[in-house]
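To start, the structure itself, in structure tokens.
Chain lettering (A, B and C) follows the sequence in which the chains are written, and residue indices restart at 1 in each chain.
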Amino acid sequence: MDFNLITKIRQTNPLIHNITNIVVANYVANGLLALGASPIMADAEEEMADLAQFSTALVINIGTLDPFKVKAMLAAGKAANKAGIPVVLDPVGVGATQYRKDVVAELLNKVKFTAIRGNAGEIAQLAGVNWAAKGVDAGQGEGDVAQIAKLAAQRHQCVVAVSGAVDYISDGVQVATIDNSTPMFPKITGSGCLLGAVLGAFLAVAPSQPFNVVVQASAAYAVAGQLAAKDLGSTKYGQFYTALLDQLGELNDQQVAQFAQVHIEE
Amino acid sequence: MDFNLITKIRQTNPLIHNITNIVVANYVANGLLALGASPIMADAEEEMADLAQFSTALVINIGTLDPFKVKAMLAAGKAANKAGIPVVLDPVGVGATQYRKDVVAELLNKVKFTAIRGNAGEIAQLAGVNWAAKGVDAGQGEGDVAQIAKLAAQRHQCVVAVSGAVDYISDGVQVATIDNSTPMFPKITGSGCLLGAVLGAFLAVAPSQPFNVVVQASAAYAVAGQLAAKDLGSTKYGQFYTALLDQLGELNDQQVAQFAQVHIEE
Amino acid sequence: MDFNLITKIRQTNPLIHNITNIVVANYVANGLLALGASPIMADAEEEMADLAQFSTALVINIGTLDPFKVKAMLAAGKAANKAGIPVVLDPVGVGATQYRKDVVAELLNKVKFTAIRGNAGEIAQLAGVNWAAKGVDAGQGEGDVAQIAKLAAQRHQCVVAVSGAVDYISDGVQVATIDNSTPMFPKITGSGCLLGAVLGAFLAVAPSQPFNVVVQASAAYAVAGQLAAKDLGSTKYGQFYTALLDQLGELNDQQVAQFAQVHIEE
């Protein structure tokens, strides 16, 4: 795998439109800026069509929903599809409530997504596989995560990324594993949400090969996490939160190529 | 007092449902994660009943209100009462506007709270005592804070925690004082709001003795603040913001037992 | 120029009412606290009139809009005008969508602003000058920025501050330049939004000379940025985010007088 997209992001500063939640909006914006992308966070239905005219990717995150935001998500998704830009879905806590299930079902029905990113519990829900989820966290459950990623990708005809100690990415045929875990990621809020936005930034600069691009983006983010955590004690969550932004600013394609543990199987 | 609840939180990772404001949602989520709890932030009326099925505590914070959020708060509070889980109220800036007074009155009327946490100005408002508040900060005023805590606890039949240089906690009969102040707390946003959520996490793992649990939680948080501030200069507010998360991750029951200055009187 | 307003802010802790966006609400509150002001973030139309009774400045930021927030902005602006307190507008991304243009036009039509702060692209939009903006960032464009600041100030009869590598501030007659750039500012989210709120804090303690006060506030903020960045590597965006809060806590008028590069021309 040829790692070259961080360079391209820094050269072109792609504008990423995020409809996201009140918990992580700040961190996602800072993470995208550090990486070299240009974030715009906006969620009024009234301006979704205009933003699709000059955004280069759309990221929809359902972390804190309300009916107005849902209307904006649908309008933005349709406008992005019409404009032909990549669209990423982050179905935060989709298994937790009927409302989230209904909203995600409507989004999947009316918007064509390029990629979906979630934890194993969330993706299992989208794959129609039973999984014991707990709230917005991954929960514990049985099941072959690689298989779940593949099933969800087949069902929704897009690239699916499952985040966890090992990341699994599938386009319905191939499955990539990324084995660069850091135990700090689940201890800060928004680490998954920021990865969803990072997928958007990578897809924005190379929209034609989504599977490879999502693998590359996920590998870059996982390596950034490892490098950010490496000199910190195991409970320095505040420092890790800051160090991850530093690391996203410092990361380059060579580091990703050097440290990424990526394996792809059919 | 036997300090053992941090251990229990880390063992059980209780899921804490927060309806909170746009200013502190991120910090509260990070603080709960650092402590060992599992936060879910959601405020759509549509999903409140579902969340009460598997949450272990509910924390309602009125920092940034709107009519939709108020409906969600009422629905969540009633569902939590029905499910029998602890409910905490943080009446941010309740004295500042008639709208906040009305919303809090309705919440107190329709929801049974286990604990209320606020600064002296806010709790004085709930106790019906005159106090010169200024915005969402404590303001300066006369009055015996211990007495205000006790009156508010009697009036609303729950545990009341007043945050300040000295914390006062009352169940309407007993009053505990916690004398572990750090002057950094009022210089960062959300330090009180995070304490409200921490009360939720402690109550989740020991719901049957709310007075003792709120005292223990408040002592733990105050000790965390002191430890976080101790190597920082007096104006390093940014570093303190980060250090408090680190410290919530590192804190253990032994440290709380060692450093907490708790006195209880009837 | 006599620099003395940081001292005055620390002495009087002015209460600054912010209607702001979900991305920066936390950072703006922390920045104002660090500086010595007292922030209140509230955006329910129901409480805007009450807040104007005891706030000392109002800051309206359109970063994440919705129709309810717009109603609150109009109500708050009118109430602030009636109460005679300074009002600051931060027209985030105003050129990006028709909705933002319409909202800002309505705000400018119905509320009298003391100062407007934006980047060159945003202020060019308000001056009626063509500028190639990109999203909420400044974009690249031609045009004399000093002239754009002056035109916008004349058109809207208030002080206009254009943020960038060099800041330009005009009251329609005079133009001040502040040459204390740090390249870190555009790499963190909310650095401009926080400056808008800082203008509010400075205007709150000296409302009678808005041009001089906006110059002084902008110089103080630019110096804080330089001091915060000076010991950091060029990609340490996370550390800069934290260091800027530290620096706003440590900054004093003497430092601003020593380091500020301010030039005023008619």
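In this section, a residue touches a chain if its C-beta (ideal position, glycine included) is under 8 Å from a C-beta of that chain, and two chains touch if they have at least 3 such contacts.
Molecules present, by chain and UniProt name: A, B, C = Hydroxyethylthiazole kinase.
As the structure is a computational prediction, the values presented were derived from the model and not from experiment.
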Between chain A (Hydroxyethylthiazole kinase) and chain C (Hydroxyethylthiazole kinase), the fewest steps along chains that touch one another: 1
Interface residue overlap between copies chain A (Hydroxyethylthiazole kinase) and chain B (Hydroxyethylthiazole kinase), same or different (over half shared): different
Geometric centre distance via CA averages, chain B (Hydroxyethylthiazole kinase)-chain A (Hydroxyethylthiazole kinase), whole Å: 32
Overlap residues in chain B (Hydroxyethylthiazole kinase), where contacts from two or more other chains coincide: 22, 26, 241-242
Partner chain C (Hydroxyethylthiazole kinase), residues of chain A (Hydroxyethylthiazole kinase) touching it in the complex: 15, 22, 25-26, 29-30, 33-34, 38-44, 46-47, 50-51, 54-55, 68, 241-246, 248-250
Residues on chain A (Hydroxyethylthiazole kinase) engaged by chain B (Hydroxyethylthiazole kinase) in the complex (per definition of touch): 21-24, 26-27, 63-67, 93, 96-100, 134-137, 186-190, 235-239, 241-242
